[in-house]
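What follows is a set of structures to go through.
One chain, subunit A, links the two complexes that follow: it is found with subunit B in the first and with subunit C in the second.
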Partner chain A sequence: MTPHPDTAIAARQSWMAVLARAEANDMAQLLADLPPLPDPVILRGPEVGLVMVRGRIGGGGGPFNLGEMTVTRCTLRAGATVGHASIAGRVPERAILAARIDAGLQDPTLHDSLHTAVIAPLAARQLAARAESAAKAAATRVEFFTLQTMRT
Partner chain B sequence: MTTATDLPGFADPVLDAQAAFRAVLAALSSPGSIHTVGTGLTPPAPLATATAAVLLALVDGETSLAIATALQPATAWLAFHCGPATAPMTDAGFVLADALPDLTAVDTGSDEVPERAATVILQVATLGSGDRFTLAGPGLQHPTQFAVDGLPADFAARWAANRALYPRGIDLILCAGSRLAALPRSVTVREG
Partner chain C sequence: MAYVAVKGGERAIDNAHAWLAADRRGDPAVPDLGLAQIREQLGRAIDRVMAEGSLYDRDLAALAIKQSQGDLIEAAFLLRAYRTTLPRFAHSEPVDTAAMAVRRRVSAVFKDLPGGQVLGPTYDYTHRLLDFTLAAGTAPPAPATAPATGAPMQRVNDFLRHEGLIEPDAPADATPGDITRQPLTFPAPRDVRLQALARGDEGFLLGLGYSTQRGYGGNHPFAGEIRVGEVTVEIEPAELGFAIDIGEITLTECQMVNQFKGSKTQPPQFTRGYGLAFGHAERKTMSMALVDRAMRAEELGEDVTAPAQNVEFVLYHSDNIEGTGFVEHLKLPHYVDFQSELETIRRMRAEADAGKEAAE
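Up next is the complex of A and B:
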C-alpha cells in the first residue's frame, strides 16, 4: 500500500494495518497493563460482510478479481474520538477491540502510551512472523527463468 | 470511505429495522393509522426519530435518496448508516422532505412500472391533531378521520391529482416525533 501524502492519515493507516493483523488475545494482553480505555458507544456494527480482493496474479501484472474475503467492520465512539476497524474474518470482539484502540490512538492524551505499549510490540511481532515465513519460503524458492524473461 | 458521524444507528440493526419495516407496512395497509417507531434512536438534529427509523429500515446502498435542503444536515449520518446513492428529486426512489414536494418535481413512475414511483418521507409537525381529513379507499372498511399538522393548505386538491394518476403516483409516509402514518397512492382524501 502506498502511504497517504498526509502524514496524519499515513500514521493512522499504519497503526490500523497493525491492528487489522493483530489477534484479540495479543491486543487484550498488551492493554492489560494500561489504564482502561474509555467506554465505547457502538455506532455501527460489528458487522460481517464480503470484500472483493483484487491482485496482480497474472504474468502481465494486470489487476484480477482474486476472490471475496470475509471482513468484520466496526465503528465506535470512545470519549471524543471515533474509532474504526476492518479486520479479516468474522470475530466481532477483535473488531471492537481494534476500533477501541484506534479511537484511543487518535486521542492526543492516550496516543503515546498506547503506541508504545500496544502498536510497537504488535508491529515488531508481525514483522518477525513475516520475516520468519519469508525465510522459510525463500529456502524452497524455485527460479522460473522462462517466466522471468516473459515478464520484462 | 464513508464519512463517520458520532451518532449511532439502530441498537439492534436486524430486529429494529424489521420492527420499523413492520410499522411502515401496517401504516400503508391501513391508511391514516398511527404507529410508534424508533424509540431509543438518537438521530442528528433535524431528523425526527420516526423519520430516522423509516430511513434506516428502507434506504440502503441500492436505493436512491433525495434530501430536501432543510434536512441536509442529516446527510452525513444517512450516508454513514445507509449509504444511499444521492439522486435529484425527479429521479429518486425515496424523497426525504419537510414540505410536500410538487407532484411534477418527483418521480411518479410510468404505466409500465408504476412501482418505480417515489416514496416520499415527509416530516410533519404533529400527527393526530391539526388539519382534519377523511380518508377512504383500500384498507379502510369505512371512511376514517385523520388529522395532521404540517401539510399544505391545498393538500386535498394536490392529493386528488396524485390519485388521478393511479396506478402511478407517489406514496406518502408522514413522520412526527416517534410516530408515523402513511397515505398510499390508492387512498382518497377529503377535507374535514
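Up next is the complex of A and C:
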C-alpha cells in the first residue's frame, strides 16, 4: 500500500494492517498486561459481508472482478475516539478487539503503551512468519550450473 | 422445458436425507473429520472450491467439502448459495501481484530471470509413486531454509517489455463488468471474460486449453511465468475515506506468452494470455491463460475457427454450477413432458403404419 500523505493516517493504516492479521488470543494476551481499554459502545457490527476482490488484466492492465471474499467489519466508540476494523474472514471477536485497539491507539494517552505492548510484538511475529516463508522459498531456488562448469 | 411439482414424496425425501447424513458420516468407529483437518490437509481441494465457488474463505470451503462428501462441484455450489446471503461491503483495490510474497515462481522462457526460479511446494518432479509412509502417518521432516534476498520479484512481462517485443498491459481504471450483478452479454469484454474464467470449471478449461495446444485455435504458447503466493487486499471503507489493508489471500498467476505474427496495426511480437485464481491453482491458471489468449483471436485479427476461440461457447459452458444445474435437472420429474412425447411418438408410429398398409 502506498502510505497516505497524512502521517497520522499513514500510522493508522500501518497498525490496522497489523491488527487485520492478528489472532484474537494473541491480542487478548498482549492486552492482559495493560490497564483495561475503555468500554466500547458498538456503533456498527460486528457484521460479516463480502468484498469483491479485483485483479488487473495481464497483471498491470485494467481491473477485473476476480471473486469475492468474506470480511468482518466493526465500528465502535471507546472514550473519545472511534475505532474501526475490517478483517478478512468471518471473525466477529477479532473485529471487535481490533476496533477497540484501533480506538485506543488514536487516544494520545493510550497510544504509546498500546503501540509498545500490542502492535510492536504482533508486527514482529508477523514479520518473522513472513521471513520464515521467504526462507523456505529461498531454499527451493534453483541454482543452475552450466555444462562447461560440470566438465572442468 | 417444464416439469410439474409432485406431491407425496416428503417422507421419502426426509428419509433419503437422513440416510445421506449417516452415509456421509461413514463408519462411526472411525473418528469424525474435523474442519481444521480438511482446511490444513486438503488444501488443493479447498483452493478449487474457493475458486469455482468464487468465494475466498478457507473455513467455509472446508465445511462445504465435508458436507458434500468431497464432491467439489457440489461444494462450490454450496459456497455460491451461501454468498447470496451476505451483503457486499466493498470492492478491493486491484491486487498487486508484482508485490506478492512469492512462495513459488517459475518461468519456462528465462532461466536467469531476476529473482530466480523458485520451486516452492510443488508436485513437479515428484515420481507419482504412491507414498506409503503417508498411510503410516509419519511426520514429514522440517523444510529447509536459506537466506532470502528480500528483493522484489519483477513479473516476467515487465522484464521482457523493455525490448518492446511483448505486448504491454494497457493500464486503465474503468469500472469492470460484474457477472454476479449483470447478466452475461456479448460481445463480452476481456474483464468479464476473465471473471468468468476465474470461476470456471477447471476440467472444462483444461480440456479447452489442451485443445488449443493440439491445434484447435493454437497459438504456440510458452509459460512465461507462474507465481504462487500471498497478496494483501485493500479496501477503502466509505466511513474512513482512506484505504486499509484487510489481510492476505493466496493467489496463483500465470502469464502465458504467445507467438504473434503481427497484424495491420501491430508489429510481430509476443502476445499474452492471463490466468489468475484463488489459492494454489496452477493447472487452472495455465488453462485459463491459454483460453484467455484463444478468445482474443478476433481482437488480434486471427481466424475464429476453434471452440476455445468462440467466446460465447466458452463463457456459456465454463460455469460448472450452471452446467450441473441444467444437466442434473433431467433427474427431476418430467412425467407430463414425457407423457406428451409418448403420445406424439404413438401417433407418428400409427400414421407411419397406416401409410405402409395403404402402400401395400
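Everything that follows uses one rule, which is that the second predicted complex is superposed on the first by the 130 of 152 C-alpha atoms of A that agree within 3 Å, B and C clash if a C-alpha of one lies under 4 Å from a C-alpha of the other, contacts with A are read in each partner's own complex, and residues count from 1 in each chain.
Keep this in mind: a contact is a pair of C-beta atoms (placed from the backbone, for glycine too) under 8 Å apart; a residue touches a chain by one contact, two chains touch by 3 or more.
Since we're looking at a predicted model, the values are computed, not measured.
Chemist: Touch check for A:G59: first (subunit B), second (subunit C), both, or neither?
Modeler: Touch status of A:G59: second partner only.
Chemist: When the two structures are overlaid on chain A, which partner does A:R21 contact: first (subunit B), second (subunit C), both, or neither?
Modeler: Second partner only, subunit C.
Chemist: Considering only the touch criterion stated at the top, classify A:T140 as touching first (subunit B), second (subunit C), both, or neither.
Modeler: second
Chemist: Is A:G67 touching the first partner subunit B, the second partner subunit C, both, or neither of them?
Modeler: After superposing on A, A:G67 lies in contact with subunit C but is clear of subunit B.
Chemist: Considering only the touch criterion stated at the top, classify A:A88 as touching first (subunit B), second (subunit C), both, or neither.
Modeler: Only subunit C; A:A88 stays clear of subunit B.
Chemist: Check the contacts made with subunit A and report whether subunit B or subunit C touches more of its residues.
Modeler: After superposing on chain A, more of subunit A is contacted by C.
Chemist: Considering only touches as defined above, state whether A:V41 meets subunit B (first), subunit C (second), both or neither.
Modeler: A:V41 contacts subunit B only, not subunit C.
Chemist: Where on subunit A do subunit B and subunit C both make contact?
Modeler: 47, 75, 84
Chemist: Which of the residues in subunit B come into contact with subunit A in the complex?
Modeler: Residues in contact with subunit A: 4-9, 13, 80-81.
Chemist: Residues of subunit A touching subunit C in their complex?
Modeler: Subunit A reaches subunit C through residues 1, 4, 9, 13, 16-17, 20-21, 47-71, 73, 75, 84, 86-90, 130-142, 144.
Chemist: Contact residues on subunit C for subunit A in the complex?
Modeler: Within the complex, subunit C contacts subunit A at residues 50-51, 54-57, 59-60, 83, 86-95, 97-98, 101-104, 111-112, 116-122, 143-150, 155, 157-158, 169-180, 190-192, 194-195, 198-199, 232-235, 237, 239-240, 242-249, 251, 253, 255, 272, 274, 276-278.
Chemist: Tell me, which parts of subunit A touch subunit B in their complex?
Modeler: Counting only subunit A, the residues touching subunit B are 41-44, 47, 75, 77, 82, 84.
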